[in-house]
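Two complexes follow with subunit A in common, the first pairing it with subunit B and the second with subunit C.
Moving on, here comes the complex of A and B:
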């Protein structure tokens, strides 16, 4: 029991981290709110399915194309919609959320709702770890999740582009004076965030089916992880993912599976009430200092 | 400024046009000459059960119209189908939204009767007052709660217009129990884990099954409820594996429940899965699940989607469906709903011809006297307006339990329909 909770808890934590990575990149790093996150997640899954099953591309190529297409979708969302409401955060949230809902309901209207719409595992099969059978796909998720989290941290702290994106978040006008063109940087951050979301989607979706309802859950999960961990901290994201992931699995095992989803929703409320900047966030303190 | 206002106006106009198109009930071209008898189908057309049921209804209507129509007194009149999508099977759709769709169908299309009916038992119960108010004969083929029958019994005069010709949760629980009984006696199994969807029909079924199991020497290691849209069943399966259960009973109608089957393969030791998982019931499920279904015992809640030789009309229904809609849709026939939906049109036609009128009260009396051979077996209503399901197709209607073996669905229960016996998965011998 303990071993299986440890292992499935870790898998769940990494799923949460992966799901939130793309969202965190855009919101945390460059203060661009992309609430179409759920729509991009599901559309990545369905685009991958279409490329694989309808166009007949080999799986790895389909996945690669999906990530690129999602990046383009993100850039389009910025260029067509976000750019017009840039700076008015409430409008950004509402506009992108509306786009997300539109994408999800569009796919539902087209009929992508049965069990038929699922992605195959990268490598089928299972392996025994300390008495617990776990499939290769879940191991993949752990690997991909941790690698991407590391890459995100490295990117945001040690590359010029990453630092530019963080600069925009900290103080847009100063960043402009330093030659960081804010629209270009924001487009890039939304595109990158969408690509990360696509990677998360194609890695996690083979565990189940591409369900339209997941799109709504995914946005909430990403928001929960980002809020609990602190908006612009990658380390906070990982910590929050682990805390929430284990909390959900423990709740499911000892209280009941219906309560799993309540966990991260309650977490959002608690964190915002007690420590709004999150576990490792620093925005609040910055504002207080100024 | 002016351009902006014009653009806004154009946008509002376009959006209203789109939503008007989307919300309008679909209509078929009525046959010329006599005024058609309008049959309404308000149900979850996005669910496989609802979509298949509508196709089954349209097939029956086509057959009847081709044979000349229905005699209402001296006149022969054709049927006409109108439908509306209530979307009630989706997560997050409130009951009153579904009811609004039903009411729209009733007010705009003025159906003479309604078939297929609600998908969700919650919506069925809520619809009863609406149907009673408009006095429309209503034969439901999907929602399974027995509370429906109770309400009819408690206030017959108000609710006598409502009937059900599909299986209900009580008979279905009976089928599950008899299958479990066989497993207990034949293989000595005594440990079980129940997983079910947190909706009326599944909760009722799970409670019924649990009650019987507890009284008959089984140990129910756990009984977990999952909300619609849940995708992670690993906690229950891990607990089941650790307790060494021999049988897992899933009770689900959402597409996500297929994930349970994938997760169940991770269980150590393996268990026999015996229950209802909506996506696993159709013939095409074998390919969809890439063979992971092997050994699972599930149900065709009514025969038809699984044709059985003991009910010749079930074979006819299945074959004709394939001829009309193609082999692909035939293989995807869902395990609950299409056969009774098909029958309901014939039940209506038969009742109208016996009553000689479309008057609702006369129709109710005629419906109550129904005794027909249908795709589900022998159709007779009990006093509380439920078709009686049992184990003998000469006496009543039939549901069937079947086991997936090597890509084929082998009926295993009841005896009248069985073509094989339950075989155990490896590791559980």
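Moving on, here comes the complex of A and C:
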């Protein structure tokens, strides 16, 4: 029982971290709250499905193309829509939210609502770890999560582009004087966030079916993790993912699986009431929010 | 060489004298100010009498348009305080469920459930939102988006209040002309009430919180109290709309918390123009009939709202109403452009 909670809690935590990563990265790097996150997540899954089942591409190629297409979609959303309302936060929110809803409901209208829409696991089968059966896909999720987190940390702290992007997030005008073009940086950050979301989608979605409503859940998860962890803080994201992931698995085991989503609300309310800047947020962020 | 002309805009005299105190010199001035308002009131009150022309179906559409207008007005008031809600169906759903539960389990008549659901629902919503009032901008929007979704989950999980089935066979409201008059009266009271409220000193504080909350705090005003009061006032018409539609449809279920009741008022306000309430009203009265005629397209309607939302936020952020108002308050005349200057 305890081992099972430990292992599945870890898997769940990594799932949460992965789902929130794209959203949180874009927010942290360019201050764009991409509310189309859920739409991109689900559309990535469906694009992968289309490439795989309708076009008939080999699985790895389909996944790669999906990630690229989603990145392109993110860049397009920025260049066509967001660039015109940049800086007006609420217009950004409303516009991206509308884009997300439009994507999701469009797919619903096209009829992507049945059980046939699922992605195959990377490698089928399961393995026995300390008496707990776990399928390879869940192990893959943990692996992808770890690799991505490390890569991202390296990218944002030790590469020129990453540092430029963080510079924009800290102080746009100063960054401009140093020759960092904020529009391209923001385009890049939205595209990168969308690609990451696509990676998360194709890694996580083989666990179940691709349902349109997942899109709204994913946005909720991203928001819960971002609020609990404190924004812009990668470590906060990981900590929040782990806390929420284990809280969910424990709730599901001892209270009932239908209560899992309620954990988010409780977590958000508690964090906001006790420490509005999140677990690892800094004072600057507190000022931004309160 | 043909003379080129440019458009010159001039404020109408009565408007130019003062922005809010009007010196009325003649019946023409009086009519200038009263006409739009009387047109609105008269037009709305005439609608139920047109049953022969419009038919019951379109009367029903207008009724739904009015409930959406109530939601849109409520959204507009919240936005005037700087609280942007992406989950307005929270208010709608809470109102619906209170009215439904009171009627279903206690058998109260709609005469009693409507006011109780309105006030109690608004109180509950205010208590729910109170902890997140410290947030502003996108963080507030994020959480409000989450709240109705989570309510759906809780109802689904606990199976309280009828669970996924909902509560059905509730008491009906009276017949068609009367029921439409009730909601029209509600819209008019809410509209003119809000306009008066936002122009009062109290409303000045609310708008100041939107403009610069730090300086309001620095003036020794507790902005959280004001925000909480604003949420309560804004929740009243929305919960009423929920309770009203519950009794009209005689059923309440989880769709009360659905995205449609969040995105329709939002689109109405953005299309009509934020800040004047008239825009919200106009938007709702335009959008709902349009969306009804698109009912055959199913969920594609939501896509259309969203696309419209994007187009208006990006391309025409001020909305339709400010444009109309400018046309009404200003002369336009062609003036020849002087050459060589």
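The definition used in the following text is that the second predicted complex is superposed on the first by the 283 of 290 C-alpha atoms of A that agree within 3 Å, B and C clash if a C-alpha of one lies under 4 Å from a C-alpha of the other, contacts with A are read in each partner's own complex, and residues count from 1 in each chain.
Going forward, a residue touches a chain if its C-beta (ideal position, glycine included) is under 8 Å from a C-beta of that chain, and two chains touch if they have at least 3 such contacts.
Every value quoted in this text rests on a predicted model; they were computed, and no experiment measured them.
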item: Touching partner for A:116 - first (subunit B), second (subunit C), both, neither; value: first
item: First (subunit B), second (subunit C), both or neither touched by A:85; value: second
item: Which of subunit B and subunit C A:49 touches, first, second, both or neither; value: neither
item: First (subunit B), second (subunit C), both or neither touched by A:33; value: second
item: First (subunit B), second (subunit C), both or neither touched by A:227; value: second
item: Partner chain(s) touched by A:105 [first = subunit B, second = subunit C, both, neither]; value: second
item: Touched partner set for A:133, first subunit B, second subunit C, both or neither; value: first
item: Contacts of A:256 with subunit B and subunit C, given as first, second, both or neither; value: both
item: Subunit C-contacting residues of subunit A that also contact subunit B; value: 108-109, 216-217, 256, 258, 261
item: List of subunit C residues in touch with subunit A within their complex; value: 84, 86, 131-132, 134-139, 141-143, 145-147, 149-150, 153-154, 156-158, 259, 263, 266, 270, 297-300, 302-303, 305-307, 309-310, 313-315, 317
item: Subunit C contact footprint on subunit A (complex, rising order); value: 33, 35, 81, 84-85, 88-95, 97-99, 101-102, 105-106, 108-109, 216-217, 219-220, 223-224, 226-227, 256, 258-259, 261-262, 264-265, 268-269, 272-273, 276, 289-290
item: Of all residues in subunit B, those that touch subunit A in their complex; value: 22, 46, 48, 90-92, 198, 224-227, 229-236, 238-239, 242, 255-256, 258-259, 262, 265-268, 279, 285, 288-290
item: Residue ranges of subunit A in contact with subunit B within the complex; value: 1, 4, 8, 12, 108-109, 111, 113-116, 118, 120, 126, 128, 131-135, 207-209, 211, 213-214, 216-217, 249, 252-253, 256-258, 260-261
